[in-house]
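The structure that follows is given in the form of structure tokens.
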Amino acid sequence: MSDADDRQARGRRTLSEYHGRPGEEVIERLGRISPDFARQLVDYCFGDVYCRPGLDRRSRQVATIAALAALGNAEGQLKWHVRGGLNIGLSREEIVEILMQMAIYGGFPAAVRALIAAQEVFDEIDIGGEEAARQDDA
Amino acid sequence: MSDADDRQARGRRTLSEYHGRPGEEVIERLGRISPDFARQLVDYCFGDVYCRPGLDRRSRQVATIAALAALGNAEGQLKWHVRGGLNIGLSREEIVEILMQMAIYGGFPAAVRALIAAQEVFDEIDIGGEEAARQDDA
Amino acid sequence: MSDADDRQARGRRTLSEYHGRPGEEVIERLGRISPDFARQLVDYCFGDVYCRPGLDRRSRQVATIAALAALGNAEGQLKWHVRGGLNIGLSREEIVEILMQMAIYGGFPAAVRALIAAQEVFDEIDIGGEEAARQDDA
Amino acid sequence: MSDADDRQARGRRTLSEYHGRPGEEVIERLGRISPDFARQLVDYCFGDVYCRPGLDRRSRQVATIAALAALGNAEGQLKWHVRGGLNIGLSREEIVEILMQMAIYGGFPAAVRALIAAQEVFDEIDIGGEEAARQDDA
Amino acid sequence: MSDADDRQARGRRTLSEYHGRPGEEVIERLGRISPDFARQLVDYCFGDVYCRPGLDRRSRQVATIAALAALGNAEGQLKWHVRGGLNIGLSREEIVEILMQMAIYGGFPAAVRALIAAQEVFDEIDIGGEEAARQDDA
Amino acid sequence: MSDADDRQARGRRTLSEYHGRPGEEVIERLGRISPDFARQLVDYCFGDVYCRPGLDRRSRQVATIAALAALGNAEGQLKWHVRGGLNIGLSREEIVEILMQMAIYGGFPAAVRALIAAQEVFDEIDIGGEEAARQDDA
């Protein structure tokens, strides 16, 4: 396997660990706009950075959620990373604490928007879970 | 002791845990500009937020370092929080990993500035340590 | 009454002065996501800051509208504060002047978005007023 | 013709060159909110800046698309300028390259949002073109 | 007098009202880099916007100080506008109140930097005043 | 040669084309802080993005100068890219035009700072040139 193939494979695996199926869907969507950008994003962000051993996955996801909340202009991507945070083991309470703390750095309006976005993710999961449970009952 | 005194005391303790003597110096400096703002900063940021039990100190400091690096306009405060990160147990390697990851969210120029700022903190500590060692020898 | 109760009460009163019933609704919504964050926002923003005597209410609201317009990423909150500005006595013309001036500091795209958001508030009020008038006629 | 009339006329012409009919529609919309702001925008942005001879139209539009993508909070205006870029001769491929490059300066989330916005413009044009073609057939 | 001359003259007068001699110096400095940009800045910012009758000078300066503090990346220009605020009648206490309030919208790090910048302006004025007093004694 | 070596070599070549010796110096400096980050920056920014054939070098540099000026918080990196712009054939006048235009998107304070930074680069080049001329005379 070439270095490039290896890097892409490593990136795909890391993306999957953090974001599961929704992660793959975002890459597929981007791939329809620009296949090269989709490949670069997987290669660099997940094949070069997130997979590095020097920082644990939990801390990496804390850092990303904090940054997106403080920047305050990426609600969609914040929601995606809130799901990612739950995937790799952050609790809802911990995510809310991170977002509350971001009022100090990104201002209260950004923190309010971030908390509303996180709640939407939690609600989607709860409703999805109820639907799944109803289907199991059927 | 009143609620307000209690909150200020709790804030001071938490500030000290994270930032030690340099933390107190910043508050003293702010206190000469606006005593009320200095009190609010200690009360709210440290007495209300950082001291909350729902998130560990390490994750709180990861979140703050990430946010300041991604915002990219607060070099002095990032340096202060890099020191705080070392105080509460983050390694230099971990801090560098957080800042590298922020290239994805705040862009490469912001990450480059953050890494240079962190290195300045590391150098100040190393030089300070050497000077302290020389003084011990004397 | 404890200091903490006093601060919360003072914050609630100040919030009401500026934002009326819509202000309380936002706090109720936030309270369903994080009761502690909702309390902190009222305590700190309205119980510690907005209620301070050193600056008149009108100037406080001018400052907030200007800041949100210049930041350019908080349309929902800008609309909320445009309503707040009208509540505490700013005229529509004055609000439009503030937003026009923000083209200088936040750029024209941010000013355009802010003016469109303000117009939406004005339209909602006019339509609401017409509806109220029709109901009075009935 | 007065200087002021001349400047407004020059601004209108330049606006039309870059943005065609959609450019005029935005000015009409703004004119219903604030006629003075609409006039200033045409006068200054298009009558003073974009019409200057020192930089070619293509480079001016590259600069604007890059800036809006890197700022990451102006999706609507970015779409407007992607259309403008196509109007004055940038290819779709070139626009995608500019946006990919902006991942370096504004971060990946901003670049992803920008690419999705550009694709929406391309799709609107393609669908509009198909509709126009069907109408020609009729 | 032509419209263009009139606008430039009106801009110069307004600039002087707000910023006095330091305002003229900034324009002279910019004029050495780009005379056209210096003229545009005076024409548009001061000849078109700041001189408009729909908002009082005090509120205009409150808006600008708030915006620059919240944006958090323009320390030099904030200091210039703090001086401008004092020129047109804001008190030091009022300016400090505006900056404290901006912690809510631009975050605490931005507010801390803004307060330090304002204090530097106050100190420069006090030291300048003492020097002037000493010279008067001589 | 492996893919990875190839990518790094391509990145180094592209970096050199745009930024010459100062480009290499920045990478060396970063390499002393984090060799992995220095490699990633060359690999991704220059080996993956800047070297792509779909956009001419001139337009790439216009895009970068515009983005950094509009973001308004990266003076050092803007200066570096102004030099890069001159290296690959932009004239001083064209760079000044790009920066003037950015007042529309990043606000006037950001544009003023960018123009001052560009003038500093021009002055450093002129002084360097005079010194080189004097040395040739010796």
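Per-chain residue numbering starts at 1, and chain names A, B, C, D, E and F are given in the order in which the chains are listed.
Just so we're on the same page, a residue touches a chain if its C-beta (ideal position, glycine included) is under 8 Å from a C-beta of that chain, and two chains touch if they have at least 3 such contacts.
Which chain is which protein? Per UniProt: A, B, C, D, E, F = Carboxymuconolactone decarboxylase family protein.
Everything quoted here is computed from the prediction, not taken from an experiment.
Trainee: Tell me which of A-E, A-B or D-E has the interface of A-F again, with more than half the contact pairs shared?
Mentor: D-E
Trainee: By mean C-alpha coordinates, which chain is most distant from chain A?
Mentor: Between chain A and the rest, the longest centre separation is with E.
Trainee: Can we say the copies chain C and chain D touch using the same residue numbers, with more than half in common, or are the two sides different?
Mentor: different
Trainee: Between B-D and B-F, which chain pair is linked by the larger number of C-beta contacts?
Mentor: Pair with more contacting C-beta pairs, B-D versus B-F: B-F.
Trainee: Find the geometric centre of each of chain C and chain E from their Cα atoms only, then give the gap between the two centres in Å, rounded to an integer.
Mentor: One centre to the other, that is 26 Å.
Trainee: How many angstrom between the C-alpha centroids of chain C and chain B?
Mentor: One centre to the other, that is 32 Å.
Trainee: For chain E, which residues are shared contacts with two or more other chains?
Mentor: 36, 40, 44-45, 49, 52, 68, 70-71, 73, 96, 100, 103-109
Trainee: Viewed as a graph of touching chains, is the assembly arranged as a line, ring, star, complete set, or other?
Mentor: complete
Trainee: Spell out the part of chain C that touches chain A in their complex, as residue ranges.
Mentor: Of all residues in chain C, those touching chain A are 26, 29-30, 32-34, 36-37, 40-41, 45, 68, 71, 73-74, 76-77.
Trainee: Per the contact definition, I'd like the list of chain B residues that touch chain C in the complex.
Mentor: Within the complex, chain B touches chain C at residues 2-4, 7, 36, 40, 43-44, 48-49, 52.
Trainee: Can you list the residues on chain B that touch chain D in the complex?
Mentor: 70, 103-109
Trainee: Within their complex, state which residues of chain C touch chain E.
Mentor: Residue positions touching the partner: 44-45, 49-50, 52, 54-55, 58-60, 62-71, 93-94, 96-98, 100-106.
Trainee: Chain E touches which residues of chain F in the complex?
Mentor: 72-73, 96, 100, 103, 107-113, 115-116, 118-119
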